[in-house]
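Next come two complexes, and both contain subunit A; in the first it sits with subunit B, in the second with subunit C.
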Partner chain A sequence: MPSVTLLGIVKRYSDVTAANGLNLTVNDGEYLCLLGPTGAGKTTVLRIIAGLTTPDQGRVLFDGRDVTSLDPEERSAVLLSQTYCLFPTMTVADNVLFGPEIREIPEADKEQMLVSLLDMVRLSERANSYPKELSGGMQQRCALARAIATSPDVLLLDEPLRALDARLRIDLRRELKSLARTLGLTVIHVTHDQDEALVMADRIAILRAGKILQVGTPAEVFNEPESPFVANFVGQSNFFTGKLVNSTPTGAEIEDDDGRRVRARATSLPIGSKVVLAVKVGQTHILKREVTPLKGRIERILFEGRVVHVDVDIEGVGRFSSKIPVRRRGRYNVGDEVGIGWNRNKAKIFPYPENGLEDELKVD
Partner chain B sequence: MGPGNKLVELISGKRFRKGWTALNIAFFLLFVIIPTVYILSYAITDWSEIQEHVLSDPATMDLIIGSIIVAFEIATIVTIIDFVAGLPLAWMMARKDFRGKQFLDTLIDMPLAVPTAALGFSAAIFWAVTPNPPPFSLATISSPMILIILLHVVFSYPYMVRSLTAILGGIDETYETAGRTLGASRLTAVRTITLPLFRAGLVTGAILCFARSLSETGGTIIALATLYGRRMVEGDFHTGPSLIGFWKDASVSDPTLIPALSFVSILLIILALVLLLVLKIVIMRVRLPLRKVWPSPEKLLSRGLFPKIKDTSAIIFLIVIVLIPSFFIFTYVLTANPVQADWSPFIDALLTSFLVATIVTLIDLVMGIPMALYIVKNKTGRLSQMLDVLVNVPLIVPTAALGFSLGLFWSNFDPNASFPLLLIILAHVAFTYPLVVRNVVGAVEGIDPAFEETARTLGAKPIQSFRRVLFPMIKGSILAGAIMAFTRSLGETGATLAVVANANTAPVYIVELVNEQSYYLAAMACIILIIISYVFMLLLRRFTREEVV
Partner chain C sequence: MPLVELKNVSKRFGKVVASSNINLRIEDGEYITILGPSGCGKTTLIRMIAGILEPSEGQVLIDGKDMIGTPIEERDIGYVFQNIALFPHLNALENVSYGPIVKNLTEGERHNVSNQYLNLVNLLDRMKMFPSDLSGGEQQKVALARTLASGSKLLLLDEPLSALDARVRVDLRYELRRITKNLGLTVLHVTHDQEEAMTVSDRIVLMRRGRIVESDTPEMMYRAPKELFTANFIGETNLLDGVVVSSGIERSLIELRDGSIVEAQPGEFDPGDLVVISVRPENVRATDEGLNSTIRSISFMGTYLRITAEADSEDILGFDVHVARGMDFNVGDTVSLGWVMESALVYPKPPGGIAEAVKLE
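Right after this comes the complex of A and B.
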């Protein structure tokens, strides 16, 4: 199985730039999730790797070999699209055997392959059904079997779980991952669902406006975001804007215009610069008013099952959200005056974004 | 690796594909477009002739202008009638399920199986006041204009219904449902939500009908000849195309008619092109005042008796105006006195016609499908957009003018018509090719390119992905295009005569019989032609349907 490398990929459509000098390396046998908001250019990246779209600039390498000008069928990179694209005029069996058929694999081998693949995706009973007679989950599995029957080197998944209901989606996440692992495939999985990416990926690449913002393991992108956007896009964050007033090797302090002073992790930014502090919603705690400079009023309490989501409005600063365990639900009511705080090691400081915070966090 | 594989390899090479595309475009330009508009060059090379024989002759000018105005009036009226009467039927076909729907579906296409020459004769003996009206005929129409309108409705109506049905079927019904859950009555929802969405289908339908009416020659001439009960002469009622046909005939003995003939052809081609553009712009751009809503009257019209009246009258229209005139010829033959005759010339003509139609259809398919694919797949390219427009040109050019132009063009290469069959085939390709291209373009546009792309990433070469994935999905439309091309070639009279004056095809033979007032023989010949084309269509349909399932 090859590694896939994208070098300086640029793709412009008449009015949008779908890829803007994009670099990315996917290692051999790696499961990489390409995570980004809608319109970030995720599908374009997949299509360029598959050979369905020709980049305006840049190169695509498979194991260091330049494949930029190869036709899709010469790349052994199978694309599984959002809509599965099962061929409506063929049965499940014919769909699965499409690739082997093209490569003229001997009849007996094909038969065996079909049996084992259908068994794997639990569609043995439906071999002679037409795609329109299958449920969404079955169609997805059939498309997967068809992709694997081609014995691809690279599997490109474009939001493969999008059209499925929530429960099925969670089951299939596990199946898909373990299947890829067993077959040793190099997988590039496009998604806009951060939970999906966090659970499934070996590494996550965050894509925005045609550029890769950060690549790392799920823990890295979650805990060590390199920009406010990533901090917010992967596991929602609260933000506090102010001036860096104190910086030591053990921590830093930020003060806003109203003199509220909060603490964060150590930073190398110069004292006096305008900064923004990000702390994950899950690391933000509701405290007594007396112990923190951030005081506000509970605006909203949402029951989410295992946790309760609380929005607190802090006058002059904005809304902060927090997740509290269900057992503590009864303690708070809408309208209560509370404080907000966090462990300083969980708060990260970024330079204030050039075009303002709102623009930085925008998802489309 | 077998020889088949080597072939696939060969034709999948990038160089081969580029060459093949270039070949297709070259074919289109050389064999379809240039011959079609070749006549325009006459305006440049022989302008002085036109000046002398036409522009300075007020009588000829009056005749030309009058006949062209009549042709446009007829085409406009026919298109409007087709739309008003076709919409309810298209609606039933696209949205409703009822017993006999399959049957109705076949009925709508029936007039297409009838060659226009036969159609013209059949409709004329049904409607027109003739010296000896056959039993059961209505024999009420003595106005040539109304007769021609009725005739043109018969053969353009199926095009309108087909175009509207196709586009209605493609419109997601949920929009309408959403409108109705928001409180709109059915009629209001349809009028304000669905109708604006199907402008594209309306444009296709309107252009097809308008062009068909404006360009039809053979049937028109036969109907008029039947009404008058003799060969047409100078002072008779003429539409633009019938005038071309008439002058073309007469020019054999009187070459001074050639400039007038060219002039009227050029005029018709240019006007038709302008009109095509105008029609497209008007329908696509002009915002009809559709927003306004009249809730109570529309609610009233959405319920109870009104929808039933609408559906019933649509079906009555289909039967009385379209079907009976198409097939009236059968009753005529059953009631008239049999005449003994020698059938061998007709059988010869019939065989020629079938040979021509088969070869023409094959050429259309081989050259037209790749062209259609090219147009759809490079939709954003300037070249393909231009080709997309150009493909329509032969459809809207009157066949008589087209035939005249084709004749002039091909006679440069074969002045003595020593290969008459070849000339006829080349001429027929020019006006049937667009039918295949249009149908395939329409079908491929409706299919998500992701299917083929997926096939490619699964390892299929372009030709394999076409054959295994796309082809089975668009087979129906390819078939529709092939049937239209085949029947169009089988029924064409004007263009055939224009290329080879003594052509020996079945419709030409029938025109001769009508001109000689051998009505019984003409009717028999028509019926044989109808039955054979119909059987042929059924076989073609069955044959392809079996393969799909």
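Right after this comes the complex of A and C.
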């Protein structure tokens, strides 16, 4: 299976730049999630790799071979688009086995393949149904099975789980990933859902406004974000803005205009610069008021199942959120006077964004 | 004040039974979600309350009045759709002003009301912008403001967040609850997303195949589901096959397929009964004496790792460990898994099998 490389890809439409100098390598057999908000240019990247859209500048390489000018059918890359189309007059089984590559496979092997594909997408009992008899989610799974059945080298998935029910999506994440691994496919999977990317990807590429902000393993992207946007988009973060007042190899301190001083990991930024600290909601703790400069009141407690989400309004700073285990929920009530804090090693400092924090964090 | 009651409501489309003998009472000011997989009949239910569909049998009452035969425009209901429908040539404020009730007011009143509701959804600074310049989340908020401006006390939300990005959805669901609670509205919110249902609602009504499976607060639905389907649908859970050894007021002892014995909540079972144990991944942990299991996969979930292991009993067990402890676990390792008795719930084994009982479609 090939690796896929994008070199300096630029694509402009009349008023938007969908790709603004993209560089990315997806390794042979890798499962890469392209994660970003709506309008980031995710679909454009897939279409350029598939050969359905021609870039204005830049090159696409498969295993180092330039395929930029090749037609889609010469690339052995299959794109499952969000607007897939099943043949209405054919059954699920016939749809799955439609591809030209499959018709040459011996009957017995075909049968075997059909069984395992339908089992994977949970449509075994619907093999003889017609598309109009299926729900939207079933139709999408049928299209997914058909795409995999063409045995492409590179599988390009554009929000393959989007039309599915939330609960079913959770089950299918792991199965789709393990199927891709078993078949040794190189997969590029576009999603706006950070949980999906965390669970499925070998590596995640975060895309925003036609640019790749960061590429890394799920743990790298989660724990070592390179910008406030990434810190907030992959697992929610709390932010604290201030001036860097103390910096040593073991840690840093920042202070806001009202003299609140909080701690973070070491940084190479210069003392006195305006900075913003980010700490994951899941690594933010509720403390006693006395032990922290961040004091406030609990404004909301939301039961989320595994955890309880607590919002604290910090006087003069704003809202901080925390996730606490369900067993500790009894300790807190709305209106309680509490403090907020974190382990300094979990807090990362960034230069204050040029266009302001709100603009930097915008996800919509 | 709107109190909605459905009495023995059924709806058939030809041979398909979309709703089957539904009885439901929604109190004034309550925020209810109707949750269930695709095709469970949740949209049919909300449409019968709205008056878009008439039931084949049964009564729909709003404030004690039978609504059968009353068209949607006379039911005083606000309805927000999944697909955001704004007028593209009107700006945000004009879109809100164009709500069915609002447009009959004098110009001054109309302006005030529209401003007020746009403010409620925090979009006053966007009032002059056209839908094409607004993000998806902002558009849905304008649509919500327009619906709220009509002043209806009963709000029906049909998958209002499902067209939006995951992250935007999370932010907006908090907003939905805050706004509707501020206004004291009665809300019926249809969704297939159990996380959304858990965070917004006072009460969840879980549906499957046209019937109500169970209805309770989010917390009870998660912690003490009465049905196996609920246990699996709301949150993730491990389901283990077993046979009751003993079951009393303190605990139950259950034998798994490999002969190992585990503890579970007390119940009224007889020795020899076939049962299913449900225990959530966050309640399973590595212990010294537990079920001998082999680690099959490890997923990074941000603040924790979800590890999937296969026990000697052939049951699959997911369990969560803190990231800091991740180094202790590798694929292929054997690990001993257990739980505290209270976190393991016991259900009679469904006659059609576990898979059929929890099937999502």
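In this section, the second predicted complex is superposed on the first by the 326 of 364 C-alpha atoms of A that agree within 3 Å, B and C clash if a C-alpha of one lies under 4 Å from a C-alpha of the other, contacts with A are read in each partner's own complex, and residues count from 1 in each chain.
The definition used in the following text is that contacts are C-beta pairs under 8 Å (C-beta built on N, C-alpha and C of every residue); 3 or more make two chains touch, one makes a residue touch a chain.
In this text the structure is predicted, and so the values were computed from the model without any measurement.
Touching more residues of subunit A than its counterpart among subunit B and subunit C is C. Once the two complexes are laid over each other on the shared chain, residue contacts for A:K11 go to neither subunit B nor subunit C.
When the two complexes are overlaid on their common chain A, residue A:L156 makes contact with subunit B while staying clear of subunit C.
Look at A:T89: by the touch rule set out above, it reaches subunit B but stays clear of subunit C.
Within the superposed three-chain model, A:H192 lies in touch with subunit C and out of touch with subunit B [touch as defined at top]. Of the two partner chains placed by the overlay, only subunit C lies in contact with A:G235; subunit B stays clear of it. In the superposed model, A:R167 lies in contact with subunit C only, and not with subunit B.
After overlaying the two complexes on the shared chain, residue contacts for A:K280 are found with subunit C alone; subunit B is out of touch. Residues of subunit A that touch subunit C in their complex: 37-38, 122, 135-138, 165-168, 170-171, 174, 178, 192-196, 198-199, 217-219, 222, 233-236, 280, 282-283, 300, 302-306, 309, 323, 325-326, 363-364. Of all residues in subunit A, only 47, 50-52, 71-73, 75-81, 83, 85, 87-90, 98-99, 101-104, 146-147, 150, 156 touch subunit B in the complex they form. The residues of subunit C lying in touch with subunit A in their complex are 37-39, 135-138, 164-168, 170-171, 174, 192-196, 198-199, 218-219, 222-223, 233-236, 280, 282, 297, 299-303, 306, 308, 320, 323, 360-361. Across the complex, subunit B meets subunit A through its residues 5, 14, 448, 450-451, 453-462, 464, 468-469, 472-473, 548.
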